[in-house]
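Structure first, commentary second.
When the chains are written out, they are named A, B, C and D in that same order, and each has its own residue count from 1.
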Amino acid sequence: MTDLSIDLGFIKLKNPIIASSGTFGYGLEFAPFIDLNKLGGIVVKGLYFSPRPGNSPPRLVEASSGLINAVGLQGVGVKKFSEEILPQLRKYSTAIIVNVCGEKDEEYASVVDFLDKEEGISAYELNISCPNVEKNGVCPALDPETTFSVVSLVKKSSSRPVIVKLSPNVTDIAEIALSAQEAGADALSLVNTFLAIAVDVETRKPVLPKVFGGLSGPAIKPLVLRMVYQVVSRVKIPVIGIGGILSAKDALEYLIIGARAVEVGTANLIDPEATVKIIDGLTEYCQKNGIDKIESIIGTLKKPQGLD
Amino acid sequence: MIKDSQARIIDKKSWNNYYLFSLESPRIASQAHPGQFIMIRISHHPHPLLRRPLSIHSKDEKSIDIFFQVSGLGTDLLSQKKVGDILDILGPLGKGFHGGASLNGKDVVAAGGGRGIAPLYFLAKELRSHGALVKIFYGGKSLEDIPLKEKFKRENFDLYCSTDDGSFGFKGFITEYLKTELEKFTPSRIFSCGPEEMMKKIAQFAAKKNIPAEFSLESVMGCGFGVCWGCVKRIKKNGEEGWVKICEEGPVFSSEEIVWTEEEK
Amino acid sequence: MTDLSIDLGFIKLKNPIIASSGTFGYGLEFAPFIDLNKLGGIVVKGLYFSPRPGNSPPRLVEASSGLINAVGLQGVGVKKFSEEILPQLRKYSTAIIVNVCGEKDEEYASVVDFLDKEEGISAYELNISCPNVEKNGVCPALDPETTFSVVSLVKKSSSRPVIVKLSPNVTDIAEIALSAQEAGADALSLVNTFLAIAVDVETRKPVLPKVFGGLSGPAIKPLVLRMVYQVVSRVKIPVIGIGGILSAKDALEYLIIGARAVEVGTANLIDPEATVKIIDGLTEYCQKNGIDKIESIIGTLKKPQGLD
Amino acid sequence: MIKDSQARIIDKKSWNNYYLFSLESPRIASQAHPGQFIMIRISHHPHPLLRRPLSIHSKDEKSIDIFFQVSGLGTDLLSQKKVGDILDILGPLGKGFHGGASLNGKDVVAAGGGRGIAPLYFLAKELRSHGALVKIFYGGKSLEDIPLKEKFKRENFDLYCSTDDGSFGFKGFITEYLKTELEKFTPSRIFSCGPEEMMKKIAQFAAKKNIPAEFSLESVMGCGFGVCWGCVKRIKKNGEEGWVKICEEGPVFSSEEIVWTEEEK
């Protein structure tokens, strides 16, 4: 029997496969396809305090091996989430993580405040990295100071562990990571989508009505692997890798580099069974390679030593 | 609403740019309603990434048909599949058209343009089985774009064809043809699927004449089962307007529900 | 007759299609495939002052819709280039641009010094953005100050126009662009490759011996379009777009956003006729859309105005 | 060294994981030398991006053959192409094997493992046409991995087969078989293509016995025609060691030229 469990310190996961925010709805939508109890965790769709209307369509455009989205975090708000969705989600034995959003630092804190009263949440994932198309993609995670400010504020009011989700649209992601760690982050998740544009050459308009969107999918994987590599050697808290994972092989690349867990995003849209297939693929890999505990491969990348 | 990862292509026909596939899927065949759709996985490689939505064109006991036009890479790759190939599909998805028994003995119109005809064949057969008298309005750019006309004729539907260039039937848009004909009779309901401009026009004169109408909307779909919030359209329900996921609540909506916007392509 | 010519201020190009550095050899290698006189320009392979051995293999790994390379700028050095290659290249009537590299600011300047004596070069492209795998991807273009320093030094010694090639691995590329402009850059080219990693999960080694490589190809196009968009509204000098161009449609996206020319990179490896096909595709597009001069579509992106 | 964007597949054979295609290309057929290769464009979509290098396996008046093993996505997609499909190829590329006329009447060995056998058929035929006495050493994991053995036999080549599992011929690696046989005769030259470990071993005992040897190297290739500098191997020429582009200067090098390194996979 292969042991796929992973200890993040503040929480133990059945396995390192977590469904990522915004690509897994509120979780329940996947119950007809897969046994949710099999997942390491579920990050629900980003929650602002109040319901949000989202952006006007088109909200999606396909790119080469990728997807550009500008959904704009349309969602139900904390109240409806707590009353209608959480009670159903709680029944599953998997880690429920809430993706917390805010226009201002205070909104993040008030979402956490509100949810702290509810049972059945394992951790918060602070979405400080959603490329806000209104503000040309600006978000707190672009800067160490704004990162520090929002993370420390939330940590003050939160009774639960806080995972901070970083943005890839920066020069030195390790610098932001260190800042989040200093502000008290319990873990980091890397990364949210890459700021992107597509143009319709026939109409000469941007395909997305507010020009910008966020790129996800296989196209970004090599870039995110690099960012995880840059961060794991600098921080002490666990890192969760997110970007372009379609298969167990993709997930393994992240784990070997040093991510202690991964989130699977766009893959869920293409194949609602993706997470479970990836979990099965991890078991298969471990069995084939005589690995008893998947923990034992984390961060085992054989780095070259002084080649010419 | 679940998955068939082993739907075999059991028949394939084609006319120029248009294709008709029969897919073996007893489950979907038994559950499907007109106006519902499936999501097809085109490739198992990273590109093209997303599934593609296609309407259920008709159904048999154990199989469903899809009818599609090659519009880009995804439909092009799909068109190259052969009889015997296996497709991974999700469905039946969405809610489909309404009405049915209540239309017994009534005149109804099903108006489709180009690939928009796809769901209307299934709908027309179902409506007739409920006793409705179905008139099909079928438009295309040219004779080549209305390949299903023989099929509708074989089934003895009242068929009104138009082509933009006049190469077959009424010369002009199907909306103009319909408008002309509506001076002669008033259907109890209009069902339509096709380019947004066409549906908008139909909605306008249906509203003027107080004919209830239903439209099947299109949108780029990320998932097809309600989790990505990518497919929204402006919809009014219970007096409230908002962005509604058409994969879940639609793709079919009534005249009163749809807020036709300028920004839409 | 469609007029594809483009005025960059300091030079007029036959058309906006330039072959990008490192993917077009020294140019001559393509003579068996295409008529080099048809191109807007050719940027030759990166030149250091002295010949360079390059990195040990494997140097390439394919990614999803992309290519990761760690060639390490193996090359012949300025002397051999001037003596053996330039005399042959000069015969073609297309803009010859030399991609100038350096370990230190002074090396850039000495390459330019040396080449200034040679005829037949239209401009230099300062490669301050090649992710140097030895230094974990660090390069001058990551920082406005190091950018300013090397650009102003080179501008002092150069008698020719200087195009500054920027890196995508930054938070705010417009800031770097402004810094290069202030230092005297005559144009900007965006971008060099994205720092990336691939892992072999069987051996648990990085696929590239020095871990890092640079991602190019269609995967990066949506990100680079965004960067060009961010830069063109801020600078006065012309911007050249580079990234993932395989077709005329791709090139047009860049031009419509505001790039005055584009460089075609990885596409040359896949199809040595790519540049010429793209030029033909531009003519076709212009004819179909009744455009007499391609200049007239540059920067014509219809930006949304105050949508809800 | 130019392009055929319209090379038609005129024949296709397969054995499990191995495929043999004939491609119509009079130009390449008239120019090709053994050991040269072509670069095939697998798809016209953004993924997989790069062309794939395949050796010229044999040639006819108007066509060339390729013989390949499915090793990943590119070769998998290629294997799905059908007779009549059109391929876009570059070639003939590289420099190929040396020797020829000078080997008239001499014993020579061509040793290939797995897909490495591909260029050796063309080579063996050419060598024989120059009067050389060619012995083929052909190894694979199992009987399934030496599908060309019948072909070599039909052409009356002296054939020595080995399989790792003993399912056919000598049980063990082809290197061991060759070593054993080399106690009985000494060829004037050894030509080899296959896994690097195999070639390294052959190079070692060829060196010991002072037999000149040539090897066809593999590498990930970005272009195949010398512009990306991606395909380099460590090569010693005129006393100087450096990274040399094998697509241009190779892929065939002699024992003395190759610097076998540890880092290579």
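Observations on the structure shown:
Please note the rule applied: a contact is a pair of C-beta atoms (placed from the backbone, for glycine too) under 8 Å apart; a residue touches a chain by one contact, two chains touch by 3 or more.
Just so it is clear, the structure is predicted and the values come from calculations on it, not from any experiment.
Listed by label, the chains that touch chain A and also chain D are B, C. Path length between chain A and chain C in the touching-chain graph (shortest route): 1. Chain B and chain C have CA centres that are 46 Å apart. Distance between chain A and chain B, defined via averaged C-alpha coordinates, is recorded as 36 Å.
Put simply, the C-alpha centre of chain B and that of chain D have 54 angstrom between them.
Of all residues in chain D, those touching 2 or more other chains are 46-48, 263, listed in ascending order. Of all residues in chain A, those touching 2 or more other chains are 56, 64-66, 203, 209, 217-219, 307, listed in ascending order. The touch graph of these protein chains is complete, with an edge between every pair of chains. By the touch criterion stated above, chain B contacts chain C in their complex at residues 46-47, 263. Against chain B, the residues of chain A that register as touching in their complex are 22-25, 29-30, 32-33, 45, 53-54, 56-62, 64-67, 69, 71, 74, 203, 209, 217-219, 246, 266, 268-273.
Within the complex, the chain A residues that touch chain D are 64-65, 307.
Listing the residues of chain B that touch chain A in their complex gives 1-3, 41, 46-51, 88, 90, 219-223, 225-234, 242-243, 261, 263-265.
Within the complex, the chain A residues that touch chain C are 56, 63-66, 68, 136-137, 142-143, 169-171, 194-199, 201, 203-206, 209-212, 215, 217-223, 225-226, 229-230, 244, 249, 252-253, 256-257, 285, 297, 300-304, 307-308.
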